[in-house]
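Order of writing sets the labels: A, B and C. Residues in every chain begin at 1.
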Amino acid sequence: MRLSRRAQALLRLAVGVGLAFIYIPLIVIGIYAFNSSKILKWPPPGLTTEWFTKAFESDSAREALLTSLEAGAVATAIAILLGSLASLAVARHRFFGRETISFLVVLPIALPGIVTGVALSNTFTQVLGISLSLFTVIVGHATFCIVVVYNNVVARLRRTSGSFEEASADLGAHTWQTFRFVTFPSMKTALAAGALLAFALSFDEIIVTTFTIGAGEETLPIWIYRNLFRPNQLPIVDAVAVIVIVISIIPVYIAHRLSSEEGGVTGGKGGGGAAEVAEVTAVP
Amino acid sequence: MATEAVAPKRSAGRKLAGLFQGRPRLQVGALLAAPGAWLVVLYLGSLAVLLITAFWTVDPLSGEVIKGFSLENFDALVNEPVYRTIVWRTVRTAALVTLTDAVIAFPIAFYMAKVASRRGKGILIVAVLMPLWSSYLVKILSWRTMLSEDGVINWALNPIGLHGPGYGLTAVWLVLSYLWLPYMILPIYAGLERIPNSLISASEDLGASPFTTFRRVIFPLAFPAVVAGSIFTFSLSLGDYITPRLVSNSQFIGNTIASSITNDLPFAAALALIPIVVMIVYLSVARKLGAFEHV
Amino acid sequence: MRRKDAHPARLAWLVVGGLVAFMLVLAGCGSSSDSTSGGGDELQKLGKGEGQLNLISWAGYVEPEWVKPFEAETGCKVNNKTGGTSDEMVQLMGTGEYDGVSASGNASARLVAAGDVSPVNVDLVPNYKTIFSDLKDQPYNTFDGVHYGIPHGRGANLLMWNSDDVSPAPDSWDVMLDPKVAAKYKGRISVYDESSYIADAAMYLKFHQPDLGIENPYELNDEQFEAAVDLLKEQRANVGEYWAEAAKQISAFANGDVQVGTTWQYQYFALQGEGEPVAASPASQGFLPKEGATGWSDTWMLSSKAKHPNCMYMWMNYIVSPKANAEVAEFFGEAPAQSLACDQTADKEFCTKYHADNPGFWKRVYYWETPLADCGNGEENCKDYNDWVKAWTAIKG
């Protein structure tokens, strides 16, 4: 598109301002993670790396991190399974209530987390009579993780034609073989990207977790919330946050690579993979 | 050399697959059983139970839920003016946040989709996705410290005689806009990418100025994507209670639900129905505007 | 794959619908829990420790200094959850996941009524004998003659201010509650975020508007209640924060976001420890502004669903043992319940300063209580707890 020089400059300025808006708070946290004082005045009086040492030594942080990883892994696994099943049903078959399913399946993400949290917590404790624990947290997380995976995979399946599967059947492959050799390869990367996003959402989730977690457990966000206002702990929280951000560059990069690969059977157009990005954002 | 058609072996897998062959209903049933059970029975069932709970009441001393039908909660919601104030405040903020995010996101998404080089695009996508992986709580905390009396914002503004907004509704608006921005950028980017460059070239060839091209070609085509992104920003803002709690004193719908749940579950359930109704209306409108056809 | 309309999918939907309906029925008939008001019998004999103890407590009550020796002595590993408000504590106890709680008077009655706590056999708690007598058999820990807990300690809510920003030093709550005086500190006032704060307003009105006839700030009829609520609605314009977590208030004072507020000794000591310029009503005034103060007298209570009751009994005995009770009292800044603790405090004047042995002092402190419709003077038209909670939402706006 041809833009005048002035328009281009303005556009660049807007982008710069936007990116600054996005990154300044993160940089501030980064600086506070090295703050030598516990009081949060700006600018910080001095720099130190002791908080990072303390973060690595903190037992409660480590336990919380492991719990979060565990919950995320299980919830994502459930989501991969159930999300794929549901998307296969919706994208490849027609049945009574299919439109309703497409609408309903958005609800766990479209409704505020507090509604999901309160509803599930109420069901667990009042209706089913089970006590809250990591299991109930996983159930809560899996609920929105399923949606995220579903959105990604259904988007990919809709863009790939069902005729490949018909051809495969015509050539004599039975249902599993068709799935294994034709359907699955085409949705593989969408599934992986969806799983990564689902894991990210579960890892960072606090609201539903607050309502579904048991007494003795802590996920990392819960640990952070508990220590948010303790003057002694706050710098450690900042250090932990910085560590998480740095480590997460890896999955972000992987997600990006996955998204820009085309699915095996689609032969889609290039250009950065807009549709793949849409998958990554799990747009309903 | 004749290739003869050989019948495939009758393995167990093939036998089982044969069961499903030509029986779409069984296939659908098998596919949907597990996710259906989860989403419909567990999740929707929980919402239904919540709805019922809204019609119950609670004993003031023991806190026990009394399972008799009563409209007391809805009565309180309708007659006590504070709840209208709270709902209006929440919806207003959510709308403002959505608008703000759309305005900030569009130039970035447009640049990414139509102007950036291939490499620049990749870098920008990663740059926009990165914040999604940093802790939501820590981001709010960062704003809380930036907005405080001795924080960055005042440090920057005081020398020129200005003062930061401090805590309050402005802070909530700022922080929520900040938190959900990536959720708006990416769908708009995806939507813009989908607009074939040939359309834009055609518009220019027909003599339209860039602004007219934007107004009459680009924006209408990208609008459903904006709506899709707005679903997230609106819904996430509607239910958030941690941000208002940490950077303001104001009560939003989420805060009242969270504080009611400790001593009056039925009332909290009644309150929770409000965001459900609002979102269902919003989703229906969004669907009409094409957000759902977006992929 | 051929697409065919699948009618039996309708059958599937029916099945699903039936399952949902089943869940609703389950919800409706859900066991009304084992709520006998009473919550069980007392333990008759103390057994071996179960190796674990899950507590809910106020910030500062369960700290490593005295917890570690307890764990070493009894083998009961302590998991502690800090509650910010009594509401939160009552709700957590309702889950049945905890063994015990340090309950204030506005939680204890509700816990008993809900059947979430069991009577406590004080014979199994040897240190109970030497607890100050004006803490025993009180309406907030003894119900129908049955003991429901062991007293922990008591204190008054403090008026705290930033001595650099606030002068002259206030001696009355008017700096927070009188609209004209409070306007000086507009946006810098810190108020406790629970409906019990209405009692502070009522107590203020008891002193400044005696013709309202307020006697007990927790027993308010319509007129008195409305007056208190209106006062708080006026206060709202000047409030900088409503705090529900002690640590949040500490951070706000330290950052300069608030300059005056209602607080506990715990925050006051923490801020002094950080070198912040905070001051509170001095000991010479009995820590109380002239209208008096609301306060609390806390009781350790045993959950009726406790999984580790023996450990809980051991804890209750330990925490009111002279040394431990002295440590927690000095750390938090409250009057200990254990009379023998006064010999164990690091500061020899501690008990005198905190009026531990002065029942007369506590007459000016209005312990947190659960508001009930029963006004206690034959009338039944007082505002009950639900009214208070609803009003609090309306006050915050």
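FYI, a residue touches a chain if its C-beta (ideal position, glycine included) is under 8 Å from a C-beta of that chain, and two chains touch if they have at least 3 such contacts.
Small disclaimer: the values here were computed from a predicted structure and weren't measured.
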{"item": "Those chains which touch subunit C and also touch subunit A", "value": "B"}
{"item": "Chain pair, most C-beta pairs within the contact cut-off", "value": "A-B"}
{"item": "Rounded Å distance, subunit A centre to subunit C centre (Cα mean)", "value": "38"}
{"item": "Between subunit C and subunit B, distance of the C-alpha-averaged centres to the nearest whole Å", "value": "37"}
{"item": "Approximate Å spacing (C-alpha centroids) for the pair subunit A, subunit B", "value": "13"}
{"item": "Shared-contact residues (touching 2 or more other chains) in subunit B", "value": "24-25, 27-28, 32, 36, 40, 44-46, 49, 53, 148, 150-151, 261"}
{"item": "Interface hub residues of subunit C, defined as touching at least two other chains", "value": "1, 3-4, 6-7, 9, 23, 27, 30, 255"}
{"item": "Sites on subunit A at which at least two other chains make contact", "value": "40-41, 93, 95, 123, 126-127, 228"}
{"item": "Touch list for subunit C against partner subunit A, complex", "value": "1, 3-7, 9-10, 13, 23, 26-27, 30-31, 54, 79, 81, 92, 95-98, 245, 247-248, 250-251, 254-255, 270, 274"}
{"item": "In the complex with subunit B, residue positions of subunit A that touch it", "value": "1-4, 7-8, 11-12, 14-15, 18-19, 21-23, 25-26, 28-29, 32, 40-43, 81-83, 85-86, 88-89, 93, 95, 101-116, 118-120, 122-123, 126-127, 139, 142-143, 146, 150-151, 154-155, 158-159, 172, 174-177, 200, 204, 206-207, 211, 220-221, 224-225, 228, 237-238, 241, 244-245, 248-249, 251-253, 255-256, 260, 271-272, 274-275, 277-281, 283-284"}
{"item": "Sites on subunit C touched by subunit B in the complex", "value": "1-4, 6-9, 12, 16, 19-20, 23-24, 27-28, 30, 32-33, 35, 37, 85, 87-88, 90-91, 94, 109-110, 113-115, 187, 239-242, 255-257, 370, 372-373, 384-386, 389-390, 393-394, 396-397"}
{"item": "For the subunit A and subunit C complex, residues of the former touching the latter", "value": "38-41, 92-97, 123, 125-129, 131-132, 162, 165-166, 169, 214-216, 228-231"}
{"item": "Touching residues (chain side subunit B, partner subunit C) in the complex", "value": "22, 24-25, 27-29, 32, 36-37, 40-41, 44-46, 48-49, 52-53, 58-64, 67, 76, 80, 82, 85, 148-151, 166-167, 249-251, 256, 259-264"}
